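In the two complexes that follow, chain A is the common piece, with chain B as its partner first and chain C second.
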Partner chain A sequence: MSIWSNLGLVYALLGAAVAVFLAGAGSAIGVGIAGQAAAGVVTEDPSKFAKVLIMQLLPGTQGIYGLLVGFITLSKVGLLGGGAATLDPQTGLLILAACMPIGIVGLISGKYQGMTSAASIGIVAKKPDQFGKAMLFPAMVETYAILALLISILAVNAVQI
Partner chain B sequence: MAVLQMQRISICALKRDRKDILENLQSMGVIEMNQIADEDDGFEKMDTQNARVGFEKKAQLSENALAILESYAPQKQSLLSSLEGKALIGQKKFDSIVAAKETITAKANTLVALNKEIAENKANILKLSNQIESLSPWLNLDVPMNYTGTDKVAMLLGMMAADTAQDAVYAKIATHAQTTDAVDVEIIRTDKDATYLVVFCLREDEMAVEEALRAAGFARPSQVVDKKPAEKKADLKAEIKKLNSEIEKKEEEIRSLSSCREDLKIIGDYFRMRADKYEILGTLPQSQRTFVVSGYIPVKAVDAVKKAIGEVYDCVIDVEDLKEDEEAPTILKNNGFSSSMEGVLESYGLPHKGEFDPTTIMSFFYVFFFGMMLSDAAYGAIIAIACFVVLKKYPRMGESMHKSLKMFMFCGISTLVWGILFGGYFGNVVDIVSGTFFGETVTVPALWFIPLNDPMRLLVYSLAFGVIHLFVGLGIKGYMLLKDGKPLDFFCDVVLWYAFLVGLLLMLIPTDIFASIAQAKITFPPFLNMLAKALAIIGVVGLILMSGRENKNPALRIALGAYDVYNITGWLSDVLSYSRLLALGLATGVIASVVNQMGSMFGKGIVGIIGFLIVFIVGHTLNLAINLLGAYVHTNRLQFVEFFGKFYEGGGKPFEPFKSDTKYVDIKEETLS
Partner chain C sequence: MSEQYTYAVARIRALEVSLFSGSTIDQLIACQSYEQCLQFLEEKGWGDSETSGNAEAILTREEEKIWEVVKELSIDMKNFDVLSYPKLYHNLKAAIKEVCTEEKNRHIFYEDVSIPGSVMLEIIKERDFGKLPAHMQGAAQEAYETLLHTRDGQLCDVIIDRAALDAIYQAGKASDVPIIRDYAESTVAVADIKIAVRSQKTAKSIEFMKRAMAECASVSVDQLSKAALAGADAISEYLLGTAYAEGAEALRTSPSAFERWCDNRIIQTISPQKYNAFTIGPVIAYVIARQNEIKTVRIILSGKLNELPDDSIRERVREMYV
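Let's turn to the complex of A and B:
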């Protein structure tokens, strides 16, 4: 089977890939940035390990959102069950477009959430009792990833196959 | 659901009762000290700095001794032991241990001294090992290192550059000291750093030979011992062994003292309490015969203090209401369910003076939203049961820990309920297991509906819950304005907004946009449509006219009013923010399904079951952890940003009473009367 005969499926798969790899890369960058700050705090005070670990994990959710959209896309086009649907290129492109929001927003928000987490880890290092407030700042950034996730899920679901 | 009312209590009593009264107040722990009397009214403050520092030093000593015991005789602790909390001991036992404080302090001193000796011995061992190290190249030498030779023959001992061969040395000597011929060079050892050699020559040639060798880079060893190197090494080894056995003996001695660990903890707490007491004592105004204690006390504790102090000692107790400008510390008082959420409020900020305590109202929304975001019956059951077991097993854990666990237990129950409503049990594990292993797919029906099949419906519900949450917040603001006697503000800032928002909502519901989202066309009777328009217009006109009412200039007033109406975008974004209820709920369910699907890929049979179990346990543990974190963070955010943003300021000062601030033990009050 030539790839050109089922271009729609290729587009749809590309959509799933975009959602997973862009959002995942964003989370990897974010968790990496926060992890450097967290490691610095633990060298000074190992007892803060649990708190800074939670802070480090906060930018990790974008990758999961990307995985989620990727999974929904795969199951939608039937690639998971074995019987892949035949899609026309138009539908495939629609699915690719539906996957864009979480991919792009996940990449950018993951990075910036990581930077905010690193700053919040600074709060935890100096004032451990302000953990609740410190956790909110990264959560603010995440809002936009959630909004993008929502639109991606709704859009993927809405595309008719 | 309230902030406890505070009063100021002042006790003036005789100095001879000072110790007893302070100790009583400390053990009651209901007064936050705040002295008001000035020094120049004939009162003076006592300098207790020295006494306090003395006690703190002793507390530190017991801490050090405990740390030493911990490093030589570590106590086995389970992972959950941090939940155990402080041990409870009786007053009598406490007193009997305190009576023996001299012996216990002596033991602590012994421990510290032993530890110091061990450290010194270890340093000595290191020094000796270094010596052995520097001897090792010379071990083949069987004369003492400081041996210079016989009457006629001189011995030169030294090092040259690495890879210097024997003939090269002979050659050097031959060229530089031509008159000598009776020279014997012996290489003792070569390694990568240097060549170690010994040179014999006639006594009279010694200078010339050494001169020749020096020119070739010969150097005498820096450290020379008066014994044969091998013997010296054996001596040093014996010395190290002696030191090691001494260290062992001392470690044994430390271990034998480990029985006094409990005593050390108690005595440390005792000294800490004494230090606190002396710190307070230093702030008390005192005259020649009397002293005055003053501070904040919750109204309900006044009678107890009057009974315990006023009826026992000669004193005057004066209780008065707080002055207008006095910012009293805050204590929250809530029922058993809501009080578990007090920690959440504290992390935002306690209510300031005169502010409403939102804990009770918040607690219901908190549990509701948390459950909706996690929304898996099995996860909810796991959380609730785990928290319940820990709470029952460790009844003496710290108060804030107790509250958090209780909060998560309630959240777990809520998650269980939402999971049943949405039909999520470890995602879709029932379908997958029945389909893969039994060949027939069984689905547990959702009590309400399955979100993934109908996300738009849940989105509408999420936003509707959000609108309710926000309206309640606005309502609390209205309540506070009314309570403060500001009916005009109540009307302009709350009622008009309600009218405007309700009008807009009612206008939105019959439109096509809403119908396409909710997938159901709702038609209102005409009068309701009229009412909606009327409300919206009244609201918007009222807001434009009234929001800038503090401004005299009519043009500016209208402009400010119009700007306030622009806040409708803020409301819109606040409401949309509740879409995370749907998104996070879906995330839990979908990732759980991914895990189940991955597990089922091993197929049927034993291998399939084992593979499934491994993937199942690892996958669901991860999913539970990450979504629990997500649900916690985002529930907090909805409360802090959206809900509190409508009415709450916070910024109150927590109540910090003068109490027995112990670290290891709580002392049980033994009241006989």
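Let's turn to the complex of A and C:
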């Protein structure tokens, strides 16, 4: 089986990879940044561990969204069921394009959500009673990852195979 | 944006909780006696098991704690040069005086700097000035020879203090961190103004003032020294045309009001760092805030020890960072 005769499937698989790879990288960066801040607070005040851990995990969702879109894509092209569909390059490219929103937005929003989480961890360090308000700031960034996830899912599902 | 300070800033945020606020300082002033003040400080976690009941030991321990935290943050200590130079130059001054006068007084040295007392003393004894940092070498040799030949302690002080101001200013200029630049500029300008005020009171010559003052961007050494020669009002008048106009008002009130204004100005300069999450600014601000806090507590303790009325202690109390 030549790769050129299955270019459609290659593009579709690339789409799934982009969704998982970029969104996952965004989450890794974000969780890493927030984790540094969380470690700083716990060094001085271990009692805040639970609160800062939740803050650290907030940028982790982009990776899950990427994984979800990856799964849907693989399932759509039949790679998970064992019988891969035959796709023309045009359809493959459509699937790749459908995966782009969560990949790119996941990468950028993951990083910035991590930075916002780190700043909010500063609020928790000084005013633990303001935890609810502090959590809202990084949660705002999440909105855009969810919008991208929505469009990616709708677009992958809309492609006719 | 740099993530390398994320850990440090978050840790500093957690530490800021234990900084004294204005109301804590009010509580300290409200203590009935010196002993009660010490007890209050110990309840707040100041000092350690070895410093109990000894005010000077408690304050020294607190100063050491600042640098212990800073060293754990894995930040290049070059960033703290502007804050450590005064202590470093103090050690130089103390070592030169000890070597030249042969008076032994070990406890006058700071030990938490890059060249602790014993090392500094060794360098000066052997006249091995090449072992000192480049910015210190010239001043160290000049001050040493001046004191040895003229026995003029004040001149020796002037040479070293001037070199310290120049070093702080250069370290500030070399830094790309705005708070370090602002702090260095502010420190040198305020030191120049203090020199002008004291020189005017003790009727020093313009040559003396120019030798003691360090050049900086916000204050003109030439104009300030001429103003000091003309009188106290001329200094205030000159300051009104600079960024230190409020200082002129404080200067008219009293020397202690002026000193208080100088410290408050530094705290106002660093205040925006409370809202900064990623740069080195909050770490520098924390060190300055802690030093300011220790200075304020020292003022209160000495007021209490000398049984000054609460109002006159309050007049001298500095603004707090938090």
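Assume the second predicted complex is superposed on the first by the 161 of 161 C-alpha atoms of A that agree within 3 Å, B and C clash if a C-alpha of one lies under 4 Å from a C-alpha of the other, contacts with A are read in each partner's own complex, and residues count from 1 in each chain.
Criterion: a residue touches a chain if its C-beta (ideal position, glycine included) is under 8 Å from a C-beta of that chain, and two chains touch if they have at least 3 such contacts.
Everything numeric here is computed off the predicted structure, so don't read it as measured data.
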| item | value |
| --- | --- |
| Clash-or-fit label for the pair chain B, chain C on chain A | fit |
| Touching partner for A:Leu79 - first (chain B), second (chain C), both, neither | neither |
| Which superposed partner A:Leu67 touches (first chain B, second chain C, both, neither) | first |
| Contacts of A:Ala17 with chain B and chain C, given as first, second, both or neither | neither |
| Touching partner for A:Ala39 - first (chain B), second (chain C), both, neither | second |
| Chain A as apex of chain B and chain C, Cα-centre angle in degrees (nearest 10) | 50 |
| Which partner reaches more residues of chain A (counting touched residues only), chain B or chain C | B |
| Partner chain(s) touched by A:Gly122 [first = chain B, second = chain C, both, neither] | second |
| Chain B versus chain C as contact partner of A:Leu147, first or second or both or neither | first |
| Least C-alpha distance (whole Å) that remains between chain C and chain B when both complexes are overlaid | 8 |
| Footprint overlap on chain A, where chain B in one structure and chain C in the other make contact | none |
| Chain A - residues contacting chain C, complex | 33, 36-41, 43-45, 48, 115, 118-119, 121-122, 125-126 |
| Chain B-facing residues of chain A, complex | 54, 57-58, 60-61, 64-65, 67-68, 71-72, 80, 130-133, 135-136, 139-140, 142-143, 146-147, 149-150, 153-154, 157 |
| Touching residues (chain side chain C, partner chain A) in the complex | 1, 3, 6-17, 277-278 |
| Footprint of chain A on chain B - complex, ascending | 344, 346-348, 455-456, 459, 576-577, 579-580, 582-584, 586-587, 590-591, 593-594, 597, 626, 629-630, 633-634, 636-637, 640-641 |
